[in-house]
Structure formats: structure tokens, C-alpha cells
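You will see subunit A twice below: alongside subunit B first, and alongside subunit C after that.
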Partner chain A sequence: MEKTITKKDELLLLAQSGSKIHQPESLKDEIKHAIANQSIPTRKTELWKNTDINELLEKEYSNATYSKLEANDLSQLNLLSVNGYQLVFYNGFFQAHLSNTANNDECIFGPLSENKEERIFKEHSGKTKIYNESFFAALSFSAPQDGAFLYVKPNKFIEKPFHVILINGSPEKSLLAQLYHFIYLEKEAQAHLIVSQASLHTGTFENNSCEIFVSENAHLEQSNFQDTAQKSFVINTQKIYQSDNTGYKQNTFSFGGNFIRNNSILDMDGENSDAKFNGLYIPKDKEHFDNYILIKHIQPQCTSNQNYKGIMDNQSTAVFLGKVNVARNAQKTNAYQSNRNLLLSKQAKVSSKPQLEIYADDVACSHGSTTGQLDAEAIFFMQSRGISRDNAIRLLLFAFASDILEDIQHDEIKAYVDKILHHRFDASK
Partner chain B sequence: MLSIKNLKATIEGNEILKGINLEIKPGEVHAIMGPNGSGKSTLASVLAGREIFEVTEGEILFNGKNLLEMAPEERAREGLFLAFQYPVEIPGVSITNFLKAALEEIRKHRGLVPLKGAEFLKYMNEKKAMVELNENLAGRAVNVGFSGGEKKKNEIFQMAMLEPKLSILDETDSGLDIDALRIVANGVNKLKSKDNATIVITHYQRLLDYIVPDVVHVLYKGRIVKSGGKELALELEEKGYDWIKKENVDA
Partner chain C sequence: MKSDNDILIDELASKEYEAGFITNIESETFPKGLNEDVIRALSEKKGEPAFMTEYRLSAYKKWLEMEEPNWALLKYEKPDFQEISYYSAPKNLPKFNSLDEVDPELIETFNKLGIPLEEQKMLAGVAVDVVFDSASVHTTFRKELHKLGIIFCSISEAIREHPALVQQYLSSVVPVGDNFYAALNSAVFSDGSFAYIPKGVRCPVELSTYFRINQGNTGQFERTLIVADEGSYVSYLEGCTAPQRDENQLHAAVVEIVALKGAEVKYSTVQNWYPGDKEGKGGIYNFVTKRGLCKGDYSKISWTQVETGSAVTWKYPSTILKGDYSIAEFYSVAVTKNHQQADTGTKMIHLGKNTKSTIISKGISMGKSNNTYRGLVKINPKAENARNFSQCDSLLIGDKCGAHTFPYIDVDNPSATVEHEATTSKIAEDQIFYLNQRGLDTENAVSLIVNGFAKEVLNQLPMEFAVEAQKLLALSMEGSVG
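== the complex of A and B ==
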């Protein structure tokens, strides 16, 4: 008797054979269930309506093998360079020679495959039930090759950022790279996590899942830089859990990549907490950038803010799907959502859908979405003052992104983003 | 300084300017008056290089150079300035950055090095004082949240900053109360010299009490139908535009 192997089975088998990390035994049944109950999303799946993954599914993938990433190859990618701890992964394989791990009385930062804090991992991995968010999240969570492990001890404020660098790419075959990252901040801890994603060659499907736990009175800032190759596929799913009196801030910059889908699901399960999501995506050519954010206000007195901006060129497409859900108990919630898009070409397309679902009665929530073109009258006005057309357009593009740029606290990061934008805005005139 | 010969221009196929001739010399102030729809603002737009208008015939020489071959920014760098009838709001672009960029490009064109931070701010404050602009501009975006009068004063301020050779004031007086009008006119008068020239486009005579023109032209249906001294403006004020219209019925 013959049984046809579905794409789902194929991906699962591949992932399982490449996996070197075991999730806690106690989750076995739940994971099995999650995998059985979720299918690969299609255009009929609510959260994937405007996301075409056919190209991703058409490819035949194989497992990556360890390949050493040369320091030269890494430096030619012009990634953000900061003085901090660093973990580098190449197609899901840890690159010890390029990394700077930590294991001291303040924090532990290293690859999951070498993680020295088994207790914390066993207690909390899977606690957000990230595997129920989508088939891809379940795939990544259940069978990762490796991933980053960060544990910040109570009361520790770590000034040095924790930089996770994910490089993908293969010169010939299409590879599947699967990573799961575990981030845990203890009470009153504070840290800055940076995730840079880039490609050396083309043709990898990089599927990341990430769980983040922010304990009472802790603060985490996360900065994401995405600049992957023209033929790569990237899906990032992260689930964040916030306790009482916490702060979480995420800045996501999507500069390049054939296909990038970012899923961020936040459980605001503590009182008096703040969350802020800033996003700037600037796709060109036929790139597709997709941001899905779900913020669940579960407890009262919390504030969440989403500010996503897109500058779209050529035939690029983008999706913004932002949801805020305010539970009946979450009184005194403040929730704001804004998505603005600037289309530089007539062929560029964006689908923007900010959504509010409110079950509490004493809340302040607002959402808005705009999509438009560069203001021709403003360009002419500036030209009439002697400013070249190119310069006028650049001024307008920076003006459009200004509130996101102004919200970057770190000078090194600001300079880095500025440099990339200058380069890009010079090119898109 | 400016020589316009038989200028014809269209928008979406409709001819608006039907053969304009105009000569302006350094040190002169010319007023261009005319009823609504006569082509006054079109003339200003064509001079500044607004792309939606197509010049179908004629030539414009600006200090001996062919103006029509220049991009709008080149015209500005050569010394042409248009004070907009409706100044544009540019959210997110600060006035300081905007003027810095403009002045830098204009100075570069004139072979001058950019002003350094402190020098620039000093220069800006001098010009602000000159045009009686009291508003604190720090951190404000170009024209965003400005009242109509503030926007017009801001245009004259930009004019002072960029020191043009030929300024075109396109209905700068429209919507201004008498105090704002005086301030605007004072600014223009202070900037006047024997080397630069001004074109004042207006529907009303009022502004010309403050900015006294050497020559007044009446534009009607895309042509200059009458030119004269400043008394022509008074005559128009008294009689309205109807007599011009009647005179030109058969034209």
C-alpha cells in the first residue's frame, strides 16, 4: 500500500531528522496535538489571506550540514556592529569562533545546544504555547537544530547588548534552517536583545520561533534587523509573556529579503506594563514583507503601542495585520495602533488591517491606517528653494520615517539605520 | 534681468498664456494685476518651473540664460524665488533642516562654502529679525500648524534667507490682515536693492500702497493688455476690471 507524502509530512520529517534540541518531555503530547491539528496555511487561512507562500512550498528542501562561516564572509555583510555579547548561527549551526558567549553571575548567553541552565529551560520552554500559533511555529518549536539561550539573573541590568546573528544561505541546494530561541529575564532584570538576519547565498527557508519571558519589574528591548537575500524565505514567530510592571519594546527594521513574515504575539498578563512595537519596512523589487502582531491585554492598567511604517518601491508587497484584544478584566487599558505606508511606485501593493477587539468598558484605544504617495507639491516646493529633486525626496522619506528613527535610543543603532536608509533612499529616486 | 517673449503655455491642452511679453530690469518692481482666471498664477508657475504646465511657444531669458531649459531647483539657484500663493506643509521636515539644505545648495552653486552650524543659526536669526518674524521656529516642521499669515511671513523669511535676484510674490497679500500685510511689505521693501527685482502678482491694489511698483501690468485672458505706472493700479481699484474686459471684448 502506497501513501503519498504531503508537503507537511515532508517538512516535518526533514525538521525531525535535522533537530538536535529536545523540548521538555512533558510537552510531548501537546506538541503532537498541535502538529496534527494545524495545516500549512493557505490563502483561505484567516491570518495568511494576503500572504502567498506557494513559492516557499514549491521548493524541495534538504537539511543543512555544518559549514564554517568565515569571519570575512560575515564582515562583508555589513551588519550592525556593537560592543556586546554575540551568538552567530549559520543555517542553524552555531559558529563558536565568531561568538562571544556569557556565563557569569549576571547572565547566561549561549547556544541552546550548550545551555547550562537546564532547569529554567525545562520549566518554561513551551509555556507560552507558541506551538499553537501556526504550523510553522509548531514545526520550528518542536524540532529545532539549535537557537539562542538567554537568561538574565534577578536584579541585573546588562548594559552590553545581546546580539543574535542569523545567517542563512546555500550556494546550491535549498535548505531548511530551524531555530528556537529562549529568552528569560528574571525579576527586575534589564537587557537589550538584537537580532540580525542576513544571507550569504540564496535559497534557504529559515523558520524561527522564539519565546520571551519578562518577569516582574523587568525590561527588555529588542531590535531586529532583517536584510536577507532575494531568494530566501524567512518566517519568524515569537511569543512574549509580560508579568506585572514590565516593559517590552521591539523595533523591527526590514530592509531586504525575498519573503519575510514576522509574527509577534504578546500576552500582557501582568498589571501596569508597557509594550511598544515600532516597525519600518522598505521592500523593493518583488520583495514581500509581512508583519502580524497580536497584543492580548489580559490584565488591567497596561499600555500598548504599535507604530508600523512602510516605504514600498517597485513591485513589492507588504502586509500589516495588527490586532489588539482587550479582555473583559483589562480595564484602564491604553492601546494604540498606527500603520502608514508610502508607495513609491504604482505597482507596489500593501494590505493594512489594524483591528481592535475590546471586551472591557473603561479603556482608551485607537487605530489608524493610511496609504499614500510622495507629495508632489512638497517636492516642487523644495525644488523651488534650490533643493534638488533627489534631495527633496530623501528629505520626505526621512521625514516619513522620522518618528520611528527618533525613538531609537542607542547612538550606534541610530547611525547604522541612518546609513542604510541613506544608501537606500539614494537608490530609490 | 528677465525677458519674456511671446510666451504661450497650456495645461491639459487648454491654453492659459497666449503670448506674454515682459521686460524687467534690475532694481524694478513690477505689479501684475488682473481678474481671476486671467493667468497670473500660471505665469508665476511657469517661471518657477511647475511641470504640469507645458510651454508651447516663446522664450524666457533670465540674466541671459534660457530659463525654460532649467529644472526648478536650477532656477532657484540662479536666483529666482517664488513666494507661493499656498505655501506647502511638509510634516516631519524641520524649517531649520529645510533652509539649511536649500541655502547649502544655493551657496554651492554660487561657489560659497556651506555655513557652519553656529554661523547658520546667526544668519537665520538676522534674517528673522529683518522680516519681523517673532515665532520660535526651533523644532517646527515647514508650515505645519501655521496660520495663513504665518505661512506668508515664512515665505518672505525664506526669501530673505536665500537672497534671490528676482522674487515673484504670487498673491502673497491674499487673506492677510493689515498688520500681517505691513510686515510682509516691510520685509519685501527691506530686501529691495538696485540689483534685484520683484514681481508682485495681486488681485487687489492694497498691497501696492506698501510695495510701490515702477510698472503695473494688467493681465487678461492670457495676455498683458495694458501697462502703465503705479496710477494704473489706482484706476483699476476705482473702476474695477470691467472696463478692461469691455475694451478687450473684440481682442
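== the complex of A and C ==
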């Protein structure tokens, strides 16, 4: 009898044959262990209860081969364009001709395959044990095709943003694209990382993992823009490590994509640190967006803040699972979670799970969650003042999203998000 | 040096259980273990009709296929179900006509607990169905209730005398295979209470049952079924204390409530089972399935619970809002100290249009205990204009305890409005200072603040119960405020 190959084995074999990056040898046993012990999540897995991945698993995937991404194709996608460093990957392959790397006395920014700082990578890659977070994280971490490498040297404040652009899609077959990103900020460094995800064609499973290290007194801001194609699947797993007196801020904008699952796990392992997560998701049609955030307060006197907002239209579904875990030692923690959802259509669904797990007593933690629809009275009020119904709805939608928008510091990014929202809200009514 | 506050916290957290004593009444007990023969013998012993025996056996078969749930945030030694005796009843069980004939030792037990049966009967006007271990010993006020057509008796009696009603409603809310403990309960439940309120009748007294777990090594499997027919109203009280025991005792009860069109059921619980000693040794395992069904339009079910006891609590009184315009409420105070663990909350399943639910949950953790709120609010696609408001507040006293909040909110209908908010904090020093300054010592200040914290819930309890609940809360807090 021939032994049947499980989907897990199939994905593993595929990933390994496509991998060009080797993780440090010292992690070999642990990775092996992590892969053996984790299975593909099902609806019975607590963290994946509201997210069905059967459609993702039904497909037969193959490895991508290098194909050149034309500048024209890229500009067609209307991505955020900022004056900064840029790395472009197409189905997991680095596109040197579209990129603007850096290697100077301030920072190193380039693809992992050409990484110039082997020592830092060897020392820290896998240190957050990201491979233990889920099977998909282990899959991506253990056998990536490539990825972004960012190293900011001590005391450097880099004003230019680092833009990582991930394009997927193939006209003929379903591809598996896997990237692992390594971000390391030295002491007192400051940087802004932008990750844009988009599709040229349909049918790719993009499985990304990312490790971020923020050393003492350093600050990192991260902005994510997700607008991938129908029939594509995206899973992003990110693990962030914060030392003493650090700041980390993440803004995630999910505008489009058949299936997006964002996992962010934050270890606040230093005193006096601050973390902020903003999210805005506006799924339409049959799209499914799922955000999972786990913030672990390990050391005292840290603050964390989560503010996620969603507007669900058509038959779309959204999931928010935010968890704050306060360890016994993490006294004087301030943690706040907020998740607000607007349902615009009868078939839209949302599942919200803000969770607090607290083992320290001198803390102030709270969360709030609301789900509702547009206020009919507010619309009527505006109509009675001569504002058309469409305009009234547009105004209310903008007002709903405004506090996320207001919190963006960079004018270029703000204008970009504003433009997309205008486009979307105009189209929705 | 420990500050006054720390000493106080230690004292609060290590208060010994005050209602711990054992009553010596001879009882007939089955040998330990569970198999089909035990179930048949149990069913036969209780003189049940054939449908009940079948019901129990089918539940047992389902139970064998099920696994013990382990998703809750609880750590405990799994009970060995073959080490439990599944039937124990006081042996001398004559039918009493008056209280004088009741075993004096039993009366004394209740007196020690401050529940004078005769006083309650006369003064409070409460009909008390005393469940002592597993068999009903005494039922009062039966005749008065009978005049109104209200049936209030032990479930064994109901099975014998009103089999049609029982067959119609038993497991109509909690299916036999609903969960591991509900299946076990369905297979082996020994006794419990049954109440039926006929159409349009407003029950004039609060129906009340006092449970006591008495026999060492005896799992208690209570079964309660309350049916409120169209337009009726009933308030039902359940209160529990248990004597001190070293072995862990398992309690897996099932409570089912059916509210038909326009009916209202108010279900209140005060639970003070033995929580184990300071090291967390002994104590009751409380794995309870409580669920109500708002079956008809305009029906209402309201749960109020005060949880201060048990070593491990796994309890989620839930409501299915099936009828249009039905209302559900859940008010809860859970206090944990020493090594107690509580994973409790509610489920509100909105199926009908214009349904409304409210959840107010207050958790207080002390010592090395863990207190978890776990709740689900589900708005089904057809539940137009459903409304939910949830508020879960946690108070931490001492730095070794934990307070957790895990709400699940699933909304499948855009016309729904669902709100949830939760806070976790400790008693602020300035609050204590303010009260100190006004002449209250720290102990009284803490007690006052905790009472105020829980007031919103305690206010929901019926008068007779509210006093006892406040006393219990104060006892748990080692306070003098009541």
C-alpha cells in the first residue's frame, strides 16, 4: 500500500523545494519539533474558529518561478508611492530593477538573499520563536523563498520610509509564495516600515512571516496596506519583540482580498514601553478579513492600545480577536482594546472577541466592542438639512473611520488612505 | 514588613469556610462505578417509567463517546467517574406530615446555616423543597400551590405523576448530548426539582430549593426543570452550602427553563459550596449546565447568580431567545479566593426578532484564585433589531490572583446593536484613603467598596435572598459590612 501524502506534508515538501534561505543551523531541531507538533488549523482550533481555510487547502499549489515584473504593471496597481527605500517582490522573487536598496553607515535594507549583515541575522533569527505560533508561521519561517532584511544602526533616525512591496498572482496556476522578513532596530534607532500587498492575477497563497526586534529606546512605526485579488489567500504572521523604553506602532489597512488573516504577536519584554495597533478593514463582496492580535505584557509599566474598526458590506465577513495578556510581574500596565464594527448589508457578518487575561493587580485594563448599523436618525437629520442620503451615508462612514485616519502622522500616507476611502465610499452607494 | 493592607488581604484570602460540618444521617449508597446496570438499577429504584430508563441509557451511550471539555481556563485533577457512587439517599425516608417529624439532626444542620426551615415557612412565605443529598425529604406549601394548579415537586415525583409533561419538556432545552457533563447528568441524575406554572398564573411565593451536598464521595447530579406556561410568572431560588470535605466532590447539575408566550421566569442562585482549604485541597467541582429557552413571543428569562464557593466552577447560564420580543438578562457576581477557579459567564443566542439581552457580570478575585468571564452573544441572521448590552467588570485584590475576560460576539444581522465593555482594575488607594479619612478602617472600606461594586447585581435578587447574599459576600470578604 502506498502511504497517502497529507496536505501538511504536501505543503512542507513544496515549501522546502522552493526555499532559498537557510535559517540558522542551531534552530534546526526546534523548527523540526515545531513542525511535527503543529497541524493545519481547523474550525475546531480556537484561534481559527471563525475562519474557514478549506477553500485554501482544496487548491493544488506549485512553486513560482522567477518572472520579471514590469514597471508598468506595478504602476497600474496604484500603490502608495513615497520617497524612500523600496524592495519589490513578485511571487516571492526579488525584483532588483524596481527596488532601491540601502547599505550605508545608517542602515542596511535589501533582500535576505543578499543580506550583508550575517552576524545579526544568525544571532537573532528565530529568537521570538515565531515558528511555535502556528503551522503556517512554522511553514513560512522554516522555508522562505526570500524576504526583506532591515537593519538600522544605533542612534540613527531614518526619515525616509522603508517600503516593502509584495505582489502575487499568476495567470495560469495556483502558486505558493513564502517570504520571511527580518527587521532589527538597534538602540535609539528610529524608522518607518511600510508593507504593501497587492495582486496582479488571482490564485496565489501568500504565506508571510516576519520578526521585528526593537532594541532599547528605539521606535518603529509600521504601516500595512492590503489590497489583494479575489481568489488569493494571504496569511501574515508577525512577531514583535520590544525592549525597555521602546515604541511600536502598527497601522493596518485592509481594503481588499479574498482571504486575509493577519496575526500579530507582541512581546513587551521591557519596561516603560508603548505599543499601539490601529486597524481599518473594509471587506466587500465575499471577502473574509481576520485580524488576530496578541499583546503580552511581560514587564511592568507598559501601555498598549488597540483600536480596530471595520465596515462590512455585501456578503463579507470579518473577525477580530484581540487578546491582552498581563503577566504577574507586569504591574502598572495600562491596556486598552476597542473594536467597532459597522454592518452595511444583511449578509455581512462579524465576529468580535476582545479578550483580557490578567494576572497582575495594579493594572488598568479595559476593552469595548460594538457592532451596529448606520444610525437612521442621523441620516434623517442630515437629509432634513438638505444633504442627500448618499452624501449623508458617506459622511457617516468617513466619520466612523476618521479616528484611525487622524492618527496617521505622514501626510503622504494620509492622503493616500483618504483617496482610497473616497473611492470606496463613493462606489458603495 | 507587610503593610496593613497586605495583612488584611492575607486575612481575607484565607478565611476558613464557615459552614463546614458533617451531618450524620444514615444513607443508602450504591457501590462506586458506572455502567448500564447501575443506570438500570437507579431507574428501577426510583420507580421510573420505561421512557426514562431508555432516556438515561441513550444519554449514557452518548456520554461514553464524548470527551471531557478542556477549553476553559481551569486546572484541576479530572474526576475518576468510576470512583463515584451514583446514588445516595437518606435511609429513613418516611413521608412527613409536619416539620416535627423530620430528623432533628437535619433541622439542626439548617439552623447552623441560618436557614430556619419553619421560620422560612411561616415568616418568609417561601415554599421550600429541601434536597438533602439526592432525594427529596420535605416539600412544603404544596397544598397552597396546588390550588393554583402549580406543580412544584421533586423531579422523581414528577416523572411518576406527570410523565407527559416531563417527557414533553425534559431535554427540550439542553439536549441529551449537549456536552460531557450534561450527558452524564442525563444518564444518572438522582433527583432535583420540577416546577410547572399553568397559563396566566402568577406564582404568589418564591419557589425555593436548598441544596446540600452531604454524603462524602457522592457525586450530585441534580436536575431541575421549570416550565412557565403562557402568561405566567415565577421566581425560583436556588441556594447551596456544603460541609467541609477533603476529597473533591463532583457536582454536575442541569437546569432547564422553558418560558412560553408572555411568561416570565426569574432564576436566582446563591452558591457557597466548600471551596477547599487554604492550600486548595478538597472543595467541590461545580460543572453545571443551565439554559433557558424563551420559546414564545414576549417571554422573559432572568438569571441572577452569586458565586462564592466551589473549588472549580464551570458554569454558563444561557438563554436562547427564540420568541420575538423576548428578553433575557444575566446578572452575576463571582468571588474567588485561595485557590478557587471560576470560569463562568453566559450565552445569549438571539433567534427571534426584536429580542433584547443584558449581561452584567462582576468578578472579584483574591488570594491565588482565577476568575474568568466567558460569554457568547450570537445574533442569528433572522434576529432583526436584536439588542445586546454587556458589561463585565473585574476587581483584583492582591497580586497573585487573575481576572480574565473572554467575550465572543458573533453578529450576522446588520440591524443588531451589540455593545460590550469590560474593565479590570484594583481598588484604588485614594478610594481607601478617602474612606479611612471618614473614619472607616481599611477592612470596612474594602468591604464597602466591594459591596458597592456588586450592588448592581445584588439589587436584582429577591428580598429574601438579597440579605443572605450580602451576608455571604461580606463573609467571603471577612467583612462586617452586610
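Everything below uses one rule, namely that the second predicted complex is superposed on the first by the 428 of 429 C-alpha atoms of A that agree within 3 Å, B and C clash if a C-alpha of one lies under 4 Å from a C-alpha of the other, contacts with A are read in each partner's own complex, and residues count from 1 in each chain.
FYI, a contact is a pair of C-beta atoms (placed from the backbone, for glycine too) under 8 Å apart; a residue touches a chain by one contact, two chains touch by 3 or more.
Keep in mind the model is a prediction, meaning the values are calculated, not measured.
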- Message: Quick check on the superposition: with subunit A as the shared anchor, is it clash or fit for subunit B versus subunit C?
- Response: fit
- Message: Using C-alpha centres only, what angle sits at subunit A with arms pointing to subunit B and subunit C? Round to the nearest 10 degrees.
- Response: 70
- Could you say whether A:356 touches subunit B, subunit C, both of them, or neither, answering first, second, both or neither? second
- Message: Going by the contact rule set out at the top, does A:344 touch subunit B (first), subunit C (second), both, or neither?
- Response: second
- Item | Touched partner set for A:386, first subunit B, second subunit C, both or neither | first
- Query: Regarding the shared-chain residue A:396, is it in contact with subunit B (first), subunit C (second), both, or neither?
  - Reply: first
- Query: On subunit A, which partner's contacts cover more residues, subunit B's or subunit C's?
  - Reply: C
- Message: Looking at A:377 after the superposition, I want to know if it touches subunit B, subunit C, both of them or none. Which is it: first, second, both, neither?
- Response: first
- Check the residue A:63 against both partner chains and state whether it touches subunit B (first), subunit C (second), both, or neither. neither
- Task: Figure out whether A:103 sits in contact with subunit B (first) or subunit C (second), or with both, or with neither.
- Result: neither
- Query: Of the partners subunit B and subunit C, which touch A:315 in the superposed model: first, second, both, neither?
  - Reply: neither
- Task: Once the two complexes are aligned on their shared chain, state how close subunit B comes to subunit C by Cα atoms, in whole Å.
- Result: 16
- Query: Following superposition on chain A, which residues of subunit A contact subunit B and also contact subunit C?
  - Reply: none
- If you look only at subunit A, which of its residues touch subunit C in the complex? 46, 50, 328, 331, 341, 343-373
- Going by the contact rule at the top, pick out the subunit B residues touching subunit A in the complex. 48-51, 71-73, 75-77, 81-82, 84, 87-93, 97-99, 101-103, 105-106, 109, 141, 158, 162
- Query: Inside the complex, what are the residues of subunit C that reach subunit A?
  - Reply: 71, 73, 379, 381, 394, 396-426
- Which of the residues in subunit A come into contact with subunit B in the complex? 375, 377-378, 380-389, 391, 395-396, 398-400, 402-403
